[in-house]
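In this document, chain identifiers A, B, C and D correspond to the written order of the chains, with residue numbering beginning at 1 in each.
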Amino acid sequence: MSRVYVSDKIHEECGVFGVYAPSGENVAPDIYNGLIALQHRGQEAAGISVSRTDGPRGNILTKKGMGLVSEVFETGDIERLTGNIGVGHVRYSTTGGSVPENAQPIAMNYIKGSLALVHNGNIMNAEEIKEGQLYRGQAHYTTSDTEVLAYEIISERLQSDNIEDAVLRAARKLKGGYVCIIMSPRKLIGIRDPQGIKPLVLGKKENGFILASESAAVEAVGGRVVRDIEPGELIVISCDGIKSIRDLCGKKHAHCVFEYIYFARSDSVMDGAGIYEARFNAGQALARKASVEADLVTGVPDSGLIAAEGYAVQAGIPFTLAFHKNSYIGRSFIKPTESERKNAVHMKLSVIKGTVMGKRIILIDDSIVRGTTMRGIINMLREAGALQVHVRISSPPFLYPCYYGTDVPSSHQLIASGHSADEICERIGADSLAYLNVRDFKSMVGELPLCKACFDGKYPV
Amino acid sequence: MSRVYVSDKIHEECGVFGVYAPSGENVAPDIYNGLIALQHRGQEAAGISVSRTDGPRGNILTKKGMGLVSEVFETGDIERLTGNIGVGHVRYSTTGGSVPENAQPIAMNYIKGSLALVHNGNIMNAEEIKEGQLYRGQAHYTTSDTEVLAYEIISERLQSDNIEDAVLRAARKLKGGYVCIIMSPRKLIGIRDPQGIKPLVLGKKENGFILASESAAVEAVGGRVVRDIEPGELIVISCDGIKSIRDLCGKKHAHCVFEYIYFARSDSVMDGAGIYEARFNAGQALARKASVEADLVTGVPDSGLIAAEGYAVQAGIPFTLAFHKNSYIGRSFIKPTESERKNAVHMKLSVIKGTVMGKRIILIDDSIVRGTTMRGIINMLREAGALQVHVRISSPPFLYPCYYGTDVPSSHQLIASGHSADEICERIGADSLAYLNVRDFKSMVGELPLCKACFDGKYPV
Amino acid sequence: MSRVYVSDKIHEECGVFGVYAPSGENVAPDIYNGLIALQHRGQEAAGISVSRTDGPRGNILTKKGMGLVSEVFETGDIERLTGNIGVGHVRYSTTGGSVPENAQPIAMNYIKGSLALVHNGNIMNAEEIKEGQLYRGQAHYTTSDTEVLAYEIISERLQSDNIEDAVLRAARKLKGGYVCIIMSPRKLIGIRDPQGIKPLVLGKKENGFILASESAAVEAVGGRVVRDIEPGELIVISCDGIKSIRDLCGKKHAHCVFEYIYFARSDSVMDGAGIYEARFNAGQALARKASVEADLVTGVPDSGLIAAEGYAVQAGIPFTLAFHKNSYIGRSFIKPTESERKNAVHMKLSVIKGTVMGKRIILIDDSIVRGTTMRGIINMLREAGALQVHVRISSPPFLYPCYYGTDVPSSHQLIASGHSADEICERIGADSLAYLNVRDFKSMVGELPLCKACFDGKYPV
Amino acid sequence: MSRVYVSDKIHEECGVFGVYAPSGENVAPDIYNGLIALQHRGQEAAGISVSRTDGPRGNILTKKGMGLVSEVFETGDIERLTGNIGVGHVRYSTTGGSVPENAQPIAMNYIKGSLALVHNGNIMNAEEIKEGQLYRGQAHYTTSDTEVLAYEIISERLQSDNIEDAVLRAARKLKGGYVCIIMSPRKLIGIRDPQGIKPLVLGKKENGFILASESAAVEAVGGRVVRDIEPGELIVISCDGIKSIRDLCGKKHAHCVFEYIYFARSDSVMDGAGIYEARFNAGQALARKASVEADLVTGVPDSGLIAAEGYAVQAGIPFTLAFHKNSYIGRSFIKPTESERKNAVHMKLSVIKGTVMGKRIILIDDSIVRGTTMRGIINMLREAGALQVHVRISSPPFLYPCYYGTDVPSSHQLIASGHSADEICERIGADSLAYLNVRDFKSMVGELPLCKACFDGKYPV
């Protein structure tokens, strides 16, 4: 008897959220709600740091811990976190042993006051930068690249006139895909990697400014999206308003394609492209590319639903909800015997028999990672009386690792690595299988330049 | 600052689950998973009682507590709950102060051994029956009708040859809508009220038998549905197999219509009628009754989605997912100011702008209770650029209280009580509003006789 | 590696506390503090029930749970427990598996309103009484004799004019040693067994009355002791003042000798005899009976200290504190290896070397149960350089089980059962060993009639 | 209604414990038990760090948190903390808001591997040292001087051949009273301030070495005390055995007198002087200096008991235990009304009436801080019938702040500051009051040079 994790998905690592309210009102409630709106980007740890811009220069209040936002924070915590400037973070940890020490924000006191920092992404040359820090006598409490970034900003601050210069000087050294929000005693600063791999958006709310991983989080707290932070842009929010520093802009863009395929919320808009539309378009492209006769189109909840809607409209076949999804499973459940564990998926998803019996079904999902979940789902459909199950995947086969902060299983766990589409089709028990092509991404988000390295191995950095 | 409950739905009170494994294997893991499958029927308390049919006649192990199934039970608990017969319960408490004492199962020792009992529904004459018990010197730890039922069975057991006779004699006295599963030292007994208001289904799994509120729960644990327990039927599962006692059968049936409209899982089949089909059919009937020109049909997630699918097919207008639902909200969240609280719905639901901008929308939901949530949703649609919002409700206006165990707000909180459809339409800010008629239920579940008292005031008992 | 329980003492089972404040003020704070004052009588569970005498007749608020009083109750709990009448309980559970269900008070609703009950002691004929209850259809949630007592009072209430008559009629049937406090909607009732085996005292505080196991608890909450409840007395506290019912008085008294030897707090006075004085006198008697030349007298903290003081005064040998006791051990600690576990006592107690090196020591304790702890302590003294260790026990050898609610290990675990004093002396490694005689109890508490059954096997009931 | 802290004592700030087992066995269980033995030195936070000397050079496992040792660690934690070298800490925090971040050990990774550090005392020039660190770009997570010390060692390590040189170079800069245990990947290092204000002792256990604040902690885990670490000595324990570096030795010694008066366990021996003997001697000196006719001598438990014993022996008046101390109070309890709060002491201490009624009493304690507790105790004695209460304090009036890590209330809260002995006597309601003189410390610990700055204002550093 043991608990079984029921996810077979690629994971994003983090969500970031920052607020500055010049008027002085407490921002912790908005950060809390913003993090709940970003919870899909990371469920293993959460944290908030706040301070007062009219207070002493080193007085940061922080609460962070392991678990969901709603588990880490109690009402009293939010009340105690008084401050009109703050940053928050939700984290999915890629390392086997996720440890409390690695929770963010990282909050430190240094020569110019205090600094709290939240970060999404991966700094590829962190070890190299860290070595220089070690030689300067800097020590690390954690093993994260976030702490390396914090120290580099602090080091640069010694010979900079202001915090934004220090951030800029530090950022010049970074390689990778990242966004970062830094809270200094008086300013909220956002920075986005020059390729724009990771997303960051600017929002506004009555008398406050917001930085967030996704537009949906801005709107969830009652804010209005102003615009995306540009790739390479450094944005400084202070009592003087907003200042934009574009010294690192001008590189070739490469927005992470997986944000559009799976990571981001369907109600977000990222770099001008709506997530819903991207997925709907992918479904349409898939229908054009790999049509098949069938009675209904359905999607694996929730990852395949929107592409299924697009496929259905394009193919002129009814879009049908064929599954019930149990939203009370949480992150694990208990199975009595080893033999039943392979069917774990049936606790989370179940087939609505009446809709599939005697039917030829087109089943859409955004990706196949290990293949076990898809095999279980197809098996359930057949047991419920489906005549045929044609699988259509709204992205290409997943083949290459990501170096920019996305957690992917090692190659030998990826079913697409070493198996042809036909072999995969047989393994998962489908009647037919088709993927989207890399070149079809054009239908998805138009001319927006994408990082598609996980599909084609062409890394932008 | 305070936590806000984000639900404006009618609530079912309970889910019940029982297993007997003659072969002797532990049933607690199946009960645990069965309760997770029934969690939508009650989220405030959960409990499991088990015993061994080959053990001493009074040795029940129980764990129960406040919260979700996954919160009440830890892995170790399930391991400690050793027994091959058992019952489980999930509870939604209707009283303001939900207290641990009222969690089920109720487990007692009495003259013939032990008894554990779980119950869904409401015994209308409980107070009257309780009075007799009090005169006999019986005392009550709780204020629930479940304890009254347990005592009545125990009292009748004194002059009965066996437990099933005692249950039958007790059941003869009961008025109301109820199902109950009783675990005696050697038998698992299910009883369903003579009108069949509340549901109960018999399942089978390898060498074990299951009783459950819904067919989906039987299947979630890998079982197969055998049949519904008939209205008035008393079923006895023991080492001698299954025995059916039909002394109370033959009354006029009146299955709860709200199970079909909202309570039950969409993948369940209840008294021969599939829940998915019922909701799909309701949507189709609604389209026939109240058609309107529009660009897309959508549903409030998750309660309106299936009816929306039916409406769309009937009307020949595309069915579109227009909302993102945040599944990490849990049961409450924190809002900074009173004024924002009225918009609480935007944390849980958000509109996918691209799909609604400039569109005429038909918005389906299963019911309108207070109207506040619907007003918020329509407001969000308009802010996202919807040109028109036509609301269609897949049930009639909700007007009368339920005496059979469903929690409904008092009359003055029901928007349909005292307001015409036109007034409601104006209050929620819709362009048009239409309900299903009571007579349209025929399209939904055919000739199945329903209790529709909450809509027409005609109470079956 | 595992946790080791570091107690080798006979255990009392419970402490009871009740308050009634006619003026209407909340009594939960006093009950909470009274229970902390009685915590030495039971550390495994605690609970409080309160109600309002001007409220409806069935509205009891209860909080109970496993653990110390300070663990079970949080500040908010005490605030929520509003009521001007209430009872509280601390429990030491004698059964291996201590379960939450058995925590007290027991609170029930019955035909005449509500009733909460706390109990210390053991009702020897509980099974017999329970049988009658089962035949009347009464069922039991717990396995405790306390619930049996509650049901018997309820049963008798059916044919009694008032609650005190019912308690009296129920008490007539009881055999054993017990005290009980019953809270009815309007009255606080105390009853003490006719032999007076268990203690109960009446106190007064400004405008309220108190019933408590010990006088020290009355004083701890700022009250004044009025008098002991007499053996067999039933006392009724209501808005009409205090009424005493003595129908069961007149039996031969037999106060539990172990209250004087070990259970009670040293600052309590019980049935006219001060606990401190009793222990001091026992030490003096021991010095007269079993003198030996030595350099200092010391006691095992805290159980042997007062008798050591008496011994020292009588013998004219200095009384010295030879041990440091670690008060942060709690109820268990972690030992790395099995071999070290036998020396577990050295974590809790350690010898002050300077005071014992080269000295001949008289070591006093109140009893020897298994002998392992005493052997460890003597070993520590010798390692610290003690020349001689003469053990003197301020009670006779412990030989017989107690049927009145005291937890004693089974015979084969008692070192005095089957071993002569000389054998025990050798086993524990002492230079000499002497016990008090049963007849010496006269020196201890004068003519007060005692139950000494655990020493002489003469049971009073 | 609120919780009341029932202590009016001067507080030590910390206890430290380190173990190195060359044989490779896990040291966490010994550290856990060692910390429990040192719990009296700090009850607000606890922590343990361990690593393996044969593992990679940066792999420290740490668990720390707020609360008692038994609250911070569960059995599983100790099992997970695998390592044959480790350090532990108990903390009393002097700052109003005690925060988790300040819990120790501090564990960091730096250029030469890893380092964990625990610290007792106060580094007076920490702010000055910190400034240099800030200019070098080092940032601080906490506000403690412990982190400053860790960084200084790390900085010095850059230009040192080994860790002990770095510790020595760092220590040369420190002013204050402190001891510190540093765990490097391969070595356990202890350092004691040159005046020897704070204590540190070396112990041995089978095949392991121990460093601890007190000898009693070494013995509590089954070890043997080897010797005190000398003032200014740096001790290095590694696989090569023990190395002593005495470069900082030779300063004038000044052992903290309060360790002898109150802080240390009575069974510890510190710098050659037994704590028990010191307190006993102080009591004798007090009897010689300020004798008075009386019937009995008693002490406030537990702080005044040993001095009372000494006084009694010297004066030839019987030493009597006049108080019962409730050991279940924990650190706070609940009082119903403001007016009763001033008598809070009666929950923790109560008088044994029989021993004091009609008696002239000499009452000993180690110190008077605010005077409120003493006033309450004297009041209790008078209410219990004491004829006279003569207070004797086994230390001089407490007048000056401590800069070496002891928490003392500010001057205006100290009753001795601004009041003569006669005024204090009147305020606390005693019949007479006498203190020990500063010159009487000679009787206490002989020629051992003491820091008595809190009494005479002569600071050694």
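Note that in this section contacts are C-beta pairs under 8 Å (C-beta built on N, C-alpha and C of every residue); 3 or more make two chains touch, one makes a residue touch a chain.
Given the structure is predicted, the values throughout are model-derived calculations rather than measurements.
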| item | value |
| --- | --- |
| Label of the chain whose CA centroid is most distant from the centroid of subunit B | D |
| For subunit C paired with subunit D, centre-to-centre distance based on mean C-alpha positions, whole Å | 35 |
| Rounded Å distance between subunit B and subunit D, as computed from the means of their C-alpha atoms | 61 |
| Distance between the centres, which are taken as Cα means, of subunit D and subunit A, whole angstrom | 49 |
| Junction residues of subunit D - those touching two or more other chains | none |
| Contact pairs between chains, per stated definition | A-B, A-D, B-C, C-D |
| Footprint of subunit B on subunit A - complex, ascending | 1-3, 26, 29-30, 32-33, 36-37, 39-40, 43, 68-70, 75, 78-79, 216, 219-220, 222, 265-267, 269, 274, 276-277, 305-306, 309, 313, 318-321, 323-324, 326-330, 332-336, 340, 343, 346-347, 350-355 |
| Subunit A to subunit D touching residues, read off their complex | 62, 101, 107-111, 115, 134-141, 143, 150-151, 154-155, 158 |
